[in-house]
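Presented sequentially are two complexes of chain A, the first with chain B as partner and the second with chain C.
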Partner chain A sequence: MNQTRRSRPTLVVTVLALLFLFVPLGIVILFSFHATNSLTPPFEGFSFDWYREVLNDPAIRSGVSTSLRIATLTAVSTLIFGTAAAYGVSRTRGRAGGAYSALFLLPMAMPGLILGIALLSFFSSQSISLSTMTVVIAHSVFVAPVFFIIARTALDRIDERQLEAAADLGAAPGYRFRKIILPQVLPVLLAGAAMAFVISFDEFVVTFFVIGNESTLPLVIFSRLRRTIDPSINAISSLLLFVNLAFWLVALIYAIRLEARRRRDLAGQKEG
Partner chain B sequence: MRSGSRLAAAAILLARKKDEHVSTQLAIENLTHRFGNNEVLTDVNLNVKRGEFLTFLGPSGCGKTTTLRAIAGFLAPTEGRILLDGQDITGLAPHRRPVNMVFQQSTLFPHLDVGQNIAFGLQIKKLSKAEIAESVEEVLHLVKLEGFERRRSTELSGGQRQRVNLARAIVNRPEVLLLDEPLSALDLKIRLDMEVELRRLHRELGATFVYVTHDQREALALSDRIAVFNDGRIEQLDTAERLYREPNSQFAASFVGDANVFAIDVVSADGDAVITSDGLRLPVKSTGEVSGPHWLVVRPEDVRFDVGQQSVEATIMDAAFRGASITYRADCAALDSSVKAEIPDNLTASTIGAQVGVSWDAQRARLLPRGDS
Partner chain C sequence: MLAMMAFFFVPVAVVVLYSFLTGDLFTVSRPVTMANYNDVFTIPVHRTLAWNSLIIGTIVATLTAAIGLPVAYWLHFSAGRWATPVLSLIVASMFAGYLVRIYAWRTVLGTNGVVNSSLERLGLIDEPLGFLIFSRTSVTIAELHLMLPFAVVMLFAAIRPIRSDHLEAAEDMGAGPLARWRRVILPLMAAPLATTWTFVFIISSSDFVTPQFLGGVRGQLIGTQVNRYFRESGDYGRGAALAIVMILFYVMLWFAIQGALKLARLNRIEWD
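Showing the complex of A and B:
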């Protein structure tokens, strides 16, 4: 491998871009540990006070628990319905398959704002009272395309001939799904559900329209921002960041290991 | 397999041989299949005898694989019936048919190891763990892969993988084993070894094998009978030897084995030779009145170079050394064709450019009617 030579201007631009991305993040994290309630330099002392305050705040605690509940339900419903949709489409040949695929991906092209308004008017026209359930429904619609793409990719990788072989050995359709397809795609489906969880957990716009009396964590943060600005916001943001980061890190390592195994399998197959 | 069960298998085989004339196991009746407007099978009729090794041979797109997939149930034929032991299975889903298939490409389940792959069909039949373990061990012994239970398919060579595919199919004791070009993805050396293995397995199991290949050499080496497919029809169904010696059509003659096929116009015949419109006298057995356009088929190994009354003049254009023999290609102006001849190496070598007389025994040539096209 020959190394690409970088010119000095490129290096400068790269460093500036990285600073632009990470300095604000660094400042947010730094001032979450601030001893006073100032959000701007100079840094006047270190403390865990804001974290203590945030973790003891009943509004935030209830926001976290609401968000966790909604994200979990969204992940589960996405896993079930998204898998069914992706499986159905992956087994539909020809033009119909493409059309269904486009339909399932369409919500991705829709701004959250429009989706929120559309769902709100739908719920009120059907006299469905707003609650965490309507948020779960809205989030499921919102994350469906992402999950659909992930699930399709995994399902399409399964060789049709494997299913023929299973049928030939006496496996009925349901048995084929359980014993041949599911074991091979389950890790990817779970990763997709995890992604649905993360997206749902910090979704704001759609939630804002369709939630009832309760508040999710992003909504709590938002209303708090309107009242006061102090490092407690930084503490919440940092906590979210750490949790998200951990989540992504685990998912990333998992995805890399899956990909490595798939490559090895493919290499093995080619050799034969 | 232990010698006891081998004997038993041989006994069953012998018993089956006795009533061969009545024992049609698999019958294909008037099978026609169309993909859209494209007719890929036209009125195929076929009887497979119990315990025989029958091969569908033909070029790609001739309908051989389509027929096999219809037997397995992966394809619902447009018209016709498929009968197994007299029962109509045409409408039966693949997982309800007592047949098993080995595919061209390995279809081992990547998330299961060798033992689990082989056990797949037995588990569906709800056999006990002990029975399954015993069957898996026995079949691994049969395909000479003892001790491979815990291997992943990625840890096997191509040849080993096809053995496992074979084991996974035969462990279910299928009424009919279907093989769709199972060796075509393998290297030549492994392919030849696998042919020997397949013949042995067929003998030891005594099961009916239906085999698809485009390789005529493979078909001749393996089969009891061969069905030559061409353009969605069966051209000829015969034993390997009869197919080679007595082809019924120009297609069968040129597709199975090497053949010189001369287009000739017969004016008259005297039983041992025919006279062509060009005045040539060509040795071939014939009965009754023969005249008009014909194909004359002569195998290269039956062609001799010598000087005699019935020989045709030719010029040698090419010679290729084959070890035991030399393959010559000679231009024959009188027949308006080149002649391929396989002459044993111990005969005097002819040089390129030499004039020779080409001849053959009348019994070794075959005369086939020819359309005007």
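Showing the complex of A and C:
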């Protein structure tokens, strides 16, 4: 088994890396509570003014609702199509299965910029006008590889023998999927869909190219960033940070509990 | 299942097609031409931006790999029960949002930002340090911040199969800490390091949002120009050709690095 090894140099690098990652974010949060509109030290007093301003801002409210709508549609479409794709590929054995997997993972190595201009070119070549729908399609393509990996790991864990046993007892393919596969993979698939939701909610680059007249929250922030440094951006940023962290924390606890349950089940099977 | 793939590959095919057509305002028309490709290589600004991308991409990729590896080592070998919380924290920083993290650096590095105003108050400088913001330096720092969590996750996944037995065996044979890094860790991690390096290079050198907010005049990347063609001048033909040349360069880089690994016999290390 692994024994912990002391290593001071790598500990120092890790601590510095954590500081590098979190100090700037901490500064953004600190100044979101600033009483004046200055963004430089010294810190002159504490207030919730910027939060109040942000929460009452119509542009931001509409950005949030657009983003929520798009993220929800993306999560649902990813759940449906992504599951079908991952299931199809996991049933395809051998070389063809590997090739399909590679095809699905390829978009991940593409910068968002390329996917953005490709979809923009495609939509314009087909005279499809840009709308919520085009953004949902773009986001679904963008998150597909991530969802695909998550779904594949869950599907590959399924014991082949359970399906054979069910088939021997006369269960049709659709019935086998519903009664054997789905109950085992559903929690993981839902986690994957949640992941799709979070990515879609934050996505900027691809959205930038394929959005019509509406603005998602990242686009609202983008247009403000272009104009000036304004403490209300700190407040939006901090709110997003808190929401994302809360979401992430819930997902993490859920994943840990899921894994613990799986281990318990496995241990139970061995004893039984 | 095939529909999702179609939404990736058909648009890429459209970009290839567009790159051989003549760009009009936000559309393309015949005749078929090679002029766009000629432009890609002759327009002087392309050369400057490609050079910036090459330099910034290389520095960012090298630094993230150089920082990510010790962090992954620490997480795997020395962290013990700290591993999960610290890794979660690093991943959580990814969820802070793309634009938020770019913005954070603007408040830190800006002319009136935290660094400059603190140094001024301490009397160390008389006027703001100009090179901190709107330069290659600021873009490099922000890209490092964006990419580091990815690198840590990728390298941590790759370092997990290495057991402390391997290091102990080397230790028993008289290898000091440096020799253990050079002769055990680095060869075993060469392939994942190369993959991480390429991934970070591709993503960071093609970014256009970070340069827009932090790059000023001198810190722009090649993605900036692709964005300009598609969103500002509407010259789809030229933009498509530039994007295709970019992709081809990335693909060649990938094969060159994988080929070099193979030549050095570091691509497939036999375990145990």
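Note that the second predicted complex is superposed on the first by the 252 of 272 C-alpha atoms of A that agree within 3 Å, B and C clash if a C-alpha of one lies under 4 Å from a C-alpha of the other, contacts with A are read in each partner's own complex, and residues count from 1 in each chain.
Just so we're on the same page, a residue touches a chain if its C-beta (ideal position, glycine included) is under 8 Å from a C-beta of that chain, and two chains touch if they have at least 3 such contacts.
Keep in mind the model is a prediction, meaning the values are calculated, not measured.
Because the two structures share chain A, they can be overlaid on it, and in that overlay chain B and chain C fit beside each other without clashing.
By the touch criterion defined above, A:Gln184 reaches chain B but does not reach chain C. In the superposition on chain A, A:Thr10 makes contact with chain C only, while chain B stays out of contact range. Of the two partner chains, chain B is the only one that A:Ala172 touches; chain C does not reach it. Of the two partner chains, chain B is the only one touched by A:Glu164; chain C is not. In the superposition on chain A, A:Glu44 makes contact with neither chain B nor chain C.
Chain A has more of its residues touched by C than by the other of chain B and chain C. In the superposed pair of complexes, A:Phe122 makes contact with chain C only, with no contact to chain B. Here chain B and chain C sit at a least CA-CA distance of 25 Å once the structures share a frame through chain A. Against chain A, in their complex, chain B makes its touches with residues 72-74, 93-96, 99-101, 103, 105-107, 109-111, 120-121, 124-125, 152-159, 161, 168-169, 172, 185.
Against chain A, the residues of chain C that register as touching in their complex are 1, 3-5, 7-8, 10-12, 14-15, 17-18, 26-27, 67, 70-71, 73-80, 86, 88-93, 95-108, 110, 112-114, 117-118, 121, 144-145, 148-149, 152, 163-164, 167, 199, 202-203, 206-209, 212-213, 223, 226-227, 230-231, 236, 239-240, 243, 246-247, 250, 254. Residues 159, 161-162, 164-172, 175, 179-180, 183-184, 264-265, 267-269, 271-272 of chain A are the ones touching chain B in the complex. Interface residues of chain A facing chain C in the complex, by the touch rule stated above, are 2-7, 9-11, 13-14, 17-18, 20-25, 27-28, 31, 39-41, 81-82, 84-85, 88-89, 103-104, 106-107, 109-111, 113-122, 124-125, 137, 140-141, 144, 198, 202, 204-205, 208-209, 218, 221-222, 225-226, 229, 233-234, 237, 240-241, 244-245, 247-248, 252.
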